Structures are given as structure tokens and as C-alpha cells.
Amino acid sequence: MILETLSTILLISGAFFSLTGAIGLFKFPDFFTRVHAASVTDSIATILIISGLILRTDFDLVAIKLLFILVFLLLTSPTASHALAKSARHGGLLTLAEIRDTQNKDNG
Amino acid sequence: MSFIVDYYNYWIVVFLMMAGFYIVISANNLVKKVVGLNIFQTSVFIMYISIGKVSGGSAPILADGITSYSNPLPHVLILTAIVVGVATTAVGLALIVRIKRAYGTVEENEFKDKDALI
Amino acid sequence: MFAQHFPVLPIVLPLIGAPVCMLLARSQLAWLFATLISGFSFFISIVLLLTTLDQGVLSYALGGWEPPWGIEMRVDVANALVLSVVTGLSTLVLVYAKQSIDKEIDRNQHTLFYTAHLLCLAGLSGILSTGDAFNLFVFLEISSLATYTLVSLASDRRALTAAFRYLVMGTIGATFILIGVGMMYMKTGTLNMLDLAARIAEYDSNRTLNTGLAFILIGVSIKLALFPLHMWLPPAYTHAPSAVSAFLAGTATKVAVYVMVRFIFTIYGAEYVFHEMGMDVILLVLAIVAIFNCSFVATVQSNVKTMLAYSSVAQIGYMILGISLVTSAGLMAGLLHIFNHALMKGALFMAVGAVLFRTGSADIKAYYGLGKRMPLTMAAFTIAGLSIIGVPLTAGFVSKWYLVTAALEQQHWLIAFLILTGSLLAIVYIGRVLEVAYFKEPADPTDTTIKEAPVLMLIPMWILVLANIYFGIDTSLSVSAADAASKWLFQPAADLGAVR
Amino acid sequence: MAELIDLVLLGMLAITALRIIFLKDLFAVVMLFGIYSFLSALIFVNLDAVDVAFTEAAVGAGIATVLMLGTLALTGRKEKANSHTALLPLLVVIVTGAALIYGTLDMPPFGDPENPANQHVAPRYIEESPQEVGLPNMVTSVLASYRAFDTLGETAVVFAAAIGVLSLLGLPKQSQATIESGLKSHLVLRVVAKLIIPLILVFALYVQFHGDYGPGGGFQAGVIAAAAIILYALVFGLPLATQVIQPKLLKILASMGVLIYAATGVAGLFFGGNFLDYNVLASDPVAGQHIGIIVIEFGIGVTVFAAILSIFYGFASQAERANIQ
Amino acid sequence: MNIWSALEPSQLINLSIIVPVIGAALLVFAGKRPNLRETVSIATAVILFTLVLGIADNTFNQVPMATTWVVLLSGLNIAFSVEPLGVLFALVASFLWIITTIYAIGYMRGHHEQNQTRFFCCFALAISTVMAICFSANLLTLFIFYELLTLSTYPLVTHAGNEEAKRGGRVYLGILLTTSIAFLLFAVLGTWVSAQTLEFTPGGVFNDVSSSGLIAVLLVLFCYGIGKAALMPFHRWLPAAMVAPTPVSALLHAVAVVKAGVFSILKIAIYIFGIDNLSEIATTDLMLYIGAATVLLSSFVATTKDNLKARLAYSTVSQLSYIVVGALLASSIAAAGATLHIVTHAFGKITLFFCAGAIMVATHKKNISEMVGLGHKMPLTMIAFAIGALSIIGLPPMAGTWSKWYLLVGALEQDKLIIVAVLTLSSLLNVAYLLPIPIKAFFTPAEPNQQPESWTETQHTPLPSLIAIAVTASACLLLFFFPQPIIDLINLIPGVSTEF
């Protein structure tokens, strides 16, 4: 019973973070901020949701599988975000601040 | 109402199939054509899987306490069909790469101009 | 010891042969091996044909699972006949291919060619023998994928676009077949063809089943290049390597015709398809338009391979016409034409390939004066061409004869007349080539490189030519097989189901 | 509840499909296709088809998307404006769609256990296969035993695709000279990749041999294993990858897989059964089935792994060529 | 008379068809040595003639002769049997082959033609098919060899190989194949479907001819399907084929090909429809008047032609329709006249063609206007020409008298006065276009400076040609005085009689 409540809370908050991530993906102005929003979804939301799910199992093989998935996701998704941002940087994409700077320079 | 509940699944699937089919026959870009083919086929797969669904059933893996399973046969068929689909996609894409190399374009109307296609 | 396994061997042999061929890696070895495998399959098919003529249908349960739970191979006279055509032609084409491939395909792709050829053969055999609707789809895709590969192996860049177009059309066709099979499964819960037939017979008329059949027929029509859906075929046959054109023209579309026959007659039953749905009129009209339209287009082609490709589409019209007559005699004529057309088109494409081998071109200009320079090749072309026209004592005449008799039996005088006038167009397009070959002076008389084709190409070509003559004179084998096949297919589908 | 999820997912699919029609940016089209595939995988899960979902996710969303992206890298990501009118295709599609809708009118209701499809052949698979074949996963039983011939054909299709891509694109030459990293500067990526790749391979083996009990099997395993090597090639460069798994070896593996499968079938002949009859492989029929299924699943895995990887090699070698030029 | 009496009678049929084929094969081997080649040619011709004589002997003795080569299906055989009409035609064709061969040797050498081996080879093959047509036991056999005759003579027509020859060949092949496939094959199939037999049966194969519109249509199809009978408007091929070397024109287009056409019509009229039944068929009169119109129209056309061979060609068209008219008059006497006309016209027309060829070899003149006064230079040729012309016109003491006489009597007996008028008028036209040639040749002085004084006929006309001309011309005379053996043979034909 307690477990179930706990798990519900975890799941709901996970879903909430997912939602914020998605909203951020839409609302944020440029590439880097959007990557930021997306990676939040990846990391905190997955942790919360999978923990919530684990609490709902009988702590058997399924729980271990979920744990594996969690580890896997924690390894890969930040890496993916990192690679994405770094590639963008290499490709010459500028942050908003930098764009503003260059614009100021041009104007000035 | 029950009419709609009974068939909504198939109708949406028909819409998806036709979306894919439309992309195949209307697209000018060969890559998009292949994408369309995949969408077309994937939608057909959904139709098959829908056939095998049994309300209240569970995945056809023997487990204690479960008496109603969904029909495994469509699953098997579609497993095969997915593989066939990706095989076709791979060959199609390989052809596109070669066409790009030979013609310099992957737009259908453009290589028609370059060769008097028979 | 293996006699009871013969129904499955024509599929399994090339299917095992293909990876082995790939492992062999040496062009010569792969050729020899592929030819042997194909020849052995041919031998088995002949045994199967004789057995089925004698004993009727052979059923083989794969994995020991009885149908409808397992997959069944079902060999009857009809598919044993087509199977013999396919494996026989495959063997001859492989013999022929050795030198033709040497010239037309890059050296390090030879093993790939033989592997793909064997896969294609396995796929075609599978389509023919299988008694399971979904299994048919799988083998259809094996043969199709192998075919796309084979077509694209040619060095001409247009082969690539042709192969791509073929791929798109072929996949659409296959997906349509998949949709149709799905709808059939939905209403019957089975995939086994006989079981399907028995269960479909329980419905009078059903919208889902009708739609399913319509999709299957359209899908198969794409594969067999029925008239408005034939546009993929001419470029594919034109630009493919000669050996591939020879093989495909004689087999691939014929197998598709057989699939159509099977779905119409074995599964749905002629009664259902033709009387309930009125498909016969549609097929008849399309067939006649195909004959005239494509024969006419063939007469204006400057590329001889394209010309023959259009001629193939027209000839498919004759087969469909026979089927759409909805009589045992008509079906028999259609099946007979499958057999005979494989003989003549195979020989014609081989001859064209031999010319391509020597002159490097399939344009009609390359044929100027060839009658003297490549007498045997052009003689083969002439005889096979006469067979296409339907001149007596050739196989083509026999099929036309039965086709017209079948039409006349139904009092279809106009159709009979159209069949005959359709063959007049064949005189024009074959005649054009013969005329320049025998009466034009070669463009470059001093060119001594153009001489008779190599023996290894001539032998299979002439075997087919002689077969054209033989089956034009002694029709007992081909006619009796086609006759038995059509009688077998024409009994009501429900009866077939009751056999078990 | 399940219906609601189904409906939502189908709605998302429809939106995705519509978007694909109108987008001109091919990169976005391909990504949307990946999403489409993934959504359909979710639908498959929802419809109890876990094996199919697994495959669709691995193949449709995974391999197919990677191949498409590879193609785009070589052909450009913009679709040119279409000049001719799309009226005829529209007409064809509407007619075809109308025919299909017409066909649905006599269809059995969705999900009804009384449907013919669920009443005729399938019950035997559900009721008997655990005893006859001895596997809890009925999909595997049907796939590898009842309809093993289909699966042999499927393996041949994969093999044929590999042949096709090989003949079209060729394999990369093994270059001893310069082994340069694809993403040299991505230190994080390299470290994580080194960590993950063995994990993926282990997972592939798990999927391979656990297929009898849960979702999975040779096909999915082959794809996952190939994905591990593909990741390796992406991070460390194709030349290095071709040294680890040599293209020649792939050719042999792809052939061997088909041969293993077919040989199992032929073995049935020699033990007095039909082709692909596993009952005769051991004294106990169920044990025979076990042996047979494990061996052929292995064959599938090998062929799929080798075929997918060689297809990827083919595309990658083209990309390298394009870069050099 | 029968030197082959040791043989089984039916074997004679096989031999008479095969011997020319063997001859053709030997010719290929003897090709390099002209003397040997021509010896083979003549020897074959003589052997063939003795064979046919043997057959004729057996026919008089009422020995039945029949042989079956191949059974295509029950009721459909390639089979041969001997009946008097065929024997008569075979006698004429084989006898004239000897003469033509002799003539051709002179002509071909004198004219320095190319490809003489191919020429003699195709020539022999053509005769073989003519023999097969003569002895065919059913319509299918007739049709098959009718087609083969067209094909084997095509190389002869296009022998010159230049643009004009090719155009002529195209028209020749085009019209003959088109009519035969579109109409004749259709008619054969129609007969097969409605009568269930294709055997030539005395009195016809149809049970009830009067009520069936189908049979009426079949008659029209047969008349036009046999394009070799050159009924208008399908006569264009005959003048077009005149581009061939003169011996070809002589034998094939005065004897073998065109006579094979009218022979087929006669045979069909007698053995498929039955002479007595013809009058009951609705379309008989229609075809009769078309025949009559052809007689007149082509005679008119002939008067306008200046090229000698063209004039003879149109004359042939006209004379062929005499035979068609005779066959369709539905009178036994007219049928006898028609049969006799095959013989008499053959001798008359071949003489004329020989003369035309001799003139061309000797003086290279083709046009009639240039032949004024030629009688002084080439008296023998021109006398022969006059004899041939008189025979064609039907004036005593030439053979043509008899046939025209019977035709007129037949027409009178049937009260077809229009036909009587047409026949008479046409004979007058014959006079108008044939007789002026020898008259002007003899009674107009030669233009000066044409040839040197020392020019003589025997010097410039090859001796073999002169001999041939002499033989045929004297035959025209002899047949007037001794027609009895031929009339005896004609009276053996069922339903045909010279008795009033």
C-alpha cells in the first residue's frame, strides 16, 4: 500500500518532468536551450518513472531488468545529449548570447 | 456506436496505408518513395496485428494464471513481413545511392530528362 | 529414399545452393555448381511432372506438421508443368550465362550473380509449389529481391532506375497481396490454400473477401505486368543483363500468371470470381488491350530488347485471355501458352544476348547484315520469331490454335478474330529485325570482330529453338499436361477442399 | 483503457503520416518515419504482439532509419519542389482507400474472441504448442517449428538483401594504413561507447537464447549485435570496424547462417522425417524440437547479424568514398 | 509407267515430299560446284516426277494411298492421302519443275545471278511443300504447308536483295501471311469447331449448309484467306512478287504458288463444302461475282502495263479468278473446267514467262514497247510466245480451248449469263493485251542500230532456256490434241465431271 502510493507519486512526478521537458522543447528559443530541456526529460524523468515502476514489481527478475534499463539509459542519454550539443558547436552553431554579442559588434 | 467501436481501428489503419501509398506514388524524391513504402507496409502490419488481438487477452507467452491469449499466428507472419520489408528497404536505398552516383540526382523527373527512359 | 521429399527439393536445393555458391567465391566454380544445382532441380521437376500426371496431387507437410497448422507443399500437374519450365529454362540460361556474364558483368560480381540467380530460382519454385498463401508471399519476396539485384547488375546506368522502378512497383504489388491475404485470413482463420477454398465456399458473397480478392488480383497483375500495370517491365528487361532478361521473360511473369490462376481457380473458385464478381469481363478487356497496345508499341521500338519486352507483355495478354474465357479449354490454352512462350521468348532473348555479346548493342542498327555474320544466331532468332507469330509447326502455333478454338467454342467470334489479328502485329515487329538482318548491308563491313556467337551460348539457344519445333509438332506431352492441369484446376474449389 | 491508448497512438500515427506527406526536408521525414515506426511498435505492444514490437523497434525504428540517414548523407536532404500535379495519385489513393473501407464493412469486429481468425487454426497453437513443442513463447513455437519454412524463406530474404546491397555498393576495402577515428574529439562518446558495446553484445546473446521463453529470438538478436558493431564503426571509424569484423568474414557468416538453418532441415530428412521435422532429431520429440529450434534460431541470428552489418558496411563505404571525393 | 511399283503405295507420298528436301540438303553440300549442283537439281526433279507418275498410276488403278505423320490431337493430324485433284496438280507441278530447272540453269548463268545455291535450295523446298499441299488429307495439313510455302518462297522473291526486291517481298509476305492468319486460320478453326472434323471428305463435311450463316461466312473467309488465289482486293502481292528472277516468276507465280492457291480453293469447294452444296450457301454468288469482277478488272489493268512481266502478272490474276469462278459455279462441268484450267494455264503462262525471261537475258529488255520487231531477231522465242498467248486466250489449236470451253458450258448450265458474258469479254481483252506483242514483233520492222547484224538468237539465249521454251510451247499444242488422260483423271474427282 505504502509502496503503491510512493510509486504513484514517483510516476506522477516523472510524468510531470517529462511534460516540462516537452514544453521546453517547444518553447525554448534556440538549439542549446532545447537540448537542455530534452536532457532533463531523459535523466530525471527516467529515474523517477523507472523507480516508480520498480516499486510496483514483486522485486523479482523484472525489477532487475528495470534496473538494467535505468543504468543503460543513464549511460546513454546524457552521452547523446552531449554528443548532440558538441556536434552543434563544432558545426558552428552559436548560443543566443553569442549571437547577441556578434550582432552588437556588427551594430557597434 | 458498436459499429464504430468494432471498426475504428481498421479505418484508421486504412487511412495510414493510403497515406503511405500516396507518398509512394506521388513523391518525386526516391528516398521519400522508400519512406512511403515503409509507412505503407508498417500500416499493413498494424492491420494484421489487429486481426490477432483478443479483447482481454494477453501476449502469447505461456504464463500461470492466464487463460486468454491473443492469436500468435499474425505475430509470426508480421515478424516475417517486417524482415522482408527492411530487406526491400535496404536494397532500395542501395539502388538510390547508386542512382545518385550515376545521375547526380535522386529526383525522378530529373533523371528522366537525362536519359530517354524507355 | 528421397522420392517422397521431391516436392520440396526444387526449392531447397537452390536455397542451399545459393549460400554455398557465395562461399565458393570463384566464378568458374560458382557457375558449375549453380548449373548443376539447377539441372538437378530440373530433373526433379520432370520426375514430379510425370508422377503427378500419373498419380495426381502430391502433398508434403513441412516439419511434419499437418496442414493447415503447418505449411504444405502441394504439387499438382499444373504447377509441376510450370516448375519444369522454370527449372529447365534456368538451367539453360545458366549454361548460356557463363560467357554472356563474363562480358556484361564486372568480374568480381560473378559469384553474386550466380547466388542471386539461385535465390531467384528458389523463390520462383517456392511460389509454384507452396500450398500456403502467406508462404507464397515470402517466396515472392525472395524471388523479387533476387530479381532486383539481377537487373541492377547490368553496367548500364539505366538498369539502376529500371531496377528501382521495378522494386517500387513490385513492393506495392507484394503489399497488395499481403493485404488481400490478410483479409482472407480475417474471414477464414487459415492460410492453407485448400482450407481457404473450403471455408470461402461457405460464404455466398462477402465484401471483405471480395476486396481481398481484388487486392490480390491487382497485386498479382502488377507482378505479371498486366496491361495498365506493365510499365515497370520494358525498362527492366531492356537494361538487365541478357541472361537475366532471358530467364525472367520466360519465367517470372509466367509464375505470376500461375499465381493468379491459383487464386482464382483453386482458392476462390471460378464460380465465385467470374460469376459473383464479374472479373472475366475486366480481364478479357485488359488482355485484348494488352495484346494490341503492346504489340503495336513493340513495332515502333528501335531497341530490340525493348521490342521483345513489349512483346512479352502482349503475350501475357494471350495467357490472361485464355484464363478469362472461363472454360477448361481456355485455361488449358493459357497454361499451354505459358509453356510455349517460355520456349520462344527464352530463345529470342538468348539470340539478342548473343548479338549484344558480339556487337555490344541491342539497337536494330546492330542487326544490319547479321544474317551472314551470325547465321546460327539469326536462324535461331528467325525460328523463335516465327513461333511468336504463330506459324505452323512451331510451338506458338499450337497455343494460338487452342486459344482460338477455346474462344470459338464459346461462340466468341470477335475475340477469336482479334487473337489472330493480334499476331499479325507480331509479323511486323519480328519481320523488321529479320529484314535488316538478312537484307541490309552491315554498317561497317570491315569489322571482323563480329562473328558467330560462342558455342556455349549457341547450345542452350538451339535447344530452345529445337524445343519450339518439337513442341510444335509433337504436342502430346505439353498438351496433355496442360489439359490435365486445366481439368484439375477447373473442378469446383469446394471439391478440391473435400479431397482431404 | 487499452482501446483508448490504442486510439491515441493511432491518432499520433495519423498526424505523423500526414506531416511526412507535406514535409520537404528529408532529414525530418526520415526522423518522423523513425517516430512512426516507434509508435507502431507501441501499438504492437498494446495489441499483445511483444515480439513484433521488439522487431519493429529494432528494425523499423533502428536499422531502417539508420540506413535512410546514411542514404541521405549521400544524396542530400532537400526534396525538390514537385512540378507535376498530384491529382492522379490522389485519385488512385482515394479509389484504393474506398475499396478498403468497403472491404472493412464485412470484417469481423475488432478484438472479438469469436472471430474466425481466432477460432480456426490459432487455438491449436495456443493450446497444444506448449506440449508439442515445449516452449512457453508460442510465437517462437509457430515461427521456428510450425511455420519454420516461412522463416527459412525470411532468412533467405535477408541473405538476398545482403547479396543485393553487396552487388550494388560493394564492401569496404580493408585498409591497414591510416586508422583514423570517426569522432576523434568526442572523448565522452568514446568512453561510453567502449563501456556500452560489450553490454549490447551480452544483451544480444540474452535475446538470442531467451527467445524461447520471452520475446526475442535470432532475428532480434542479430539486429542488436549488428547495432553494437555499427555503433563501434560510427564512433571509432569504419576502417577500425572492418578490422574487428572483416567484410570477408561477414560474407561467410551470412552464408553459414542460411546453411545452418537449411542443414537442420536436411538433417530431418536423414533421420526419416520430413524437411524441417525436428521431432526426429532426438529420441524424445520435445527434446528434438528444442534442439532444432535452438540451432535454427542460431542460424537466423548469424545470418541477420552478418547481413545487416554488411549492408551497413556497404552504405558506410560509399559515405567514406563520398567524403574522400 | 510406274517404276516404283516395288514400293508400298503409301510410301510414294512420303517420298514425294521428302525427296525435294533431301535434294535441297544435297544442294547445300554441292553448293561450291555449279555443275554438280545442277545435276543434283535435275536429278531430284526427275525422280520426283517419276514418283508422282507412280502415284498417278496407282490412282488410275484405284489403289488407296494415305499416310499419317503426326497426331497432334485426336482428329487433328498431319496426314496425307491421295485423291485425283491433288494428283493432277502434283503432276503439273513436278513436270514443270524439271522444265523450270533446266530453264533456270540457263537463265541464272546467263544473268550471272548471286546466291544460286540458296536459290535452288529454296526452290526445292518450295516444291516439297507444294507436294505436301497436293496430297494433304485435311485442312490443317493444307494450312500448315500453305504457310510453309509462303515462307520458303520469300527468299526467292527477295532474291535480288535490292530495295525494290525487299519492298516486293514485304508486300508478298505481308499480304499472304496476313490473309492466311487472319482469315484462313480463322476459317479452319471455324470449320473445326462447327464440323468437328477437318478431313477432306467427298461431298463436304457440313451436314446442313443452307441454314447456317456461319458456313456462309466461312466461304468468304476461305476465299479471301487463300490469298494466293489473288482475288481482288488481295491481289497486290502477285505483281509485287514479280521482282523475283524470271524462273521464280515462271514456276512459282505461274504454277506453284498461285496454283496452290486456286487448288486449295477448288479442294475446299469440292471436299469441304461439296460442289452440290455450294449453290445453297448464301455467299456463293457474292464471291462468284467478286471473282468475275477480278477477271475483268485485272484484264483491264493488264492492258495498261508496259512492263512485260507486270502485264503477265495481271493476266495471271485474271486467269486465276477463272478458276475461282469455275469452282464457285456449283456445277460439275465448271469445276472440271476449272481443274483443267489449272493445267492449261500453267503450261500457257509458263511459256510466256520463259519467253519474257529469255528476252531479258538476251536483250535486257523489260518493256513491251521496246520489243517491236524483235521477232526477226528471236523468232523461236516469239513463236513460242504466240503459242502461249493463244493458249491463254483459248483459241484452237491450243490447250486453253478446252478449259475455257468447259467453263462456258458450266456457266450456261447454271444460267449465269453474266458470267458467260464476263468470260467472253475477258477473252477478248486477252487478245487485246497478249496478241499485239508477237504481232508487232514479227510484222513491224526492227528499229535500226539495235543490235549488230551478227547477233543471233541461239548465241545470246542460253540453250537450256530455249529447250525449256520449246517443251512447254509444244505441250500447249499437244494438250489440245491429246487431253484425254487428264480428262480421265478429272472425271475421277468426286462430284466433278466433264459429262453434260
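Every chain is named by a letter (A, B, C, D and E) in the order it is written, and numbering of its residues begins at 1.
FYI, a residue touches a chain if its C-beta (ideal position, glycine included) is under 8 Å from a C-beta of that chain, and two chains touch if they have at least 3 such contacts.
Since the structure is predicted, the reported quantities are computational estimates derived from the model, not experimental observations.
Touching chain D and chain E at once are the following chains: C. Removal of chain A in thought leaves the touching network of the remaining chains intact as one piece. A simple rule picks the central chain: find each chain's mean C-alpha point, then take the one closest to the mean of all protein C-alpha atoms, which gives C.
The interface carrying the most C-beta pairs in contact is the one between chains B-D. Of all chains, the one whose CA centroid is most distant from that of chain A is E.
When each chain is reduced to the average of its Cα atoms, E sits farthest from chain D.
Computed from the mean C-alpha positions, the centre of chain B lies at a distance of 13 Å from the centre of chain D. Chain A and chain B have Cα centroids separated by 31 Å.
Measuring from the averaged C-alpha position of chain A to that of chain C gives a distance of 57 Å.
Taking each chain's centre as the mean of its C-alpha atoms, chain C lies 45 Å from chain E. Residue positions 100, 104-105, 107, 115, 117-118, 121-122, 125, 147, 150, 153-154, 157, 160-161, 164, 168 of chain D each touch two or more of the other chains.
In chain C, the residues that touch at least two other chains are 134, 138, 141, 145, 148-149, 152, 179, 185-186, 191. Inter-chain contacts occur between A-D, B-C, B-D, C-D, C-E. Contact residues of chain C toward chain D in the complex are 2, 5, 8, 12, 15-16, 18-20, 22-23, 60-65, 68-71, 109, 112-113, 115-116, 119, 122-123, 126, 132, 134-135, 138-139, 141-142, 145-146, 148-149, 152-153, 179, 183, 185-191, 195, 199, 206-212, 214-215. Remark: chain B residues 17, 21, 24-25, 30, 33, 37, 40-41, 44, 47-48, 51, 73-74, 77, 80-81, 84, 87-88, 91-92, 95-96, 98-99, 102-103, 111, 115, 117-118 touch chain C in the complex. Chain A contributes residues 72, 75-76, 79, 82-83, 86, 90 to its touches with chain D in the complex. Those residues of chain D that touch chain C in the complex are listed here as 99-100, 102-108, 115-122, 124-125, 145-150, 152-154, 156-157, 159-161, 163-164, 166-168, 251-252, 254-256, 258-259, 262-263, 265-266, 268-269, 273-280. On chain D, the positions that touch chain B within their shared complex are 3, 6-7, 10-11, 13-14, 17-18, 20-21, 26, 29-30, 33, 36-37, 40, 43-44, 47-52, 55-56, 59-60, 63-64, 67-68, 70-72, 74-76, 79-80, 82-84, 86, 89-90, 92-94, 96-97, 100-101, 104-105, 107, 109-113, 115, 117-118, 121-122, 125-126, 130, 136-139, 141-143, 147, 150-151, 153-154, 157-158, 160-161, 164-165, 168-169, 213-215, 219, 304, 311, 314-315, 318.
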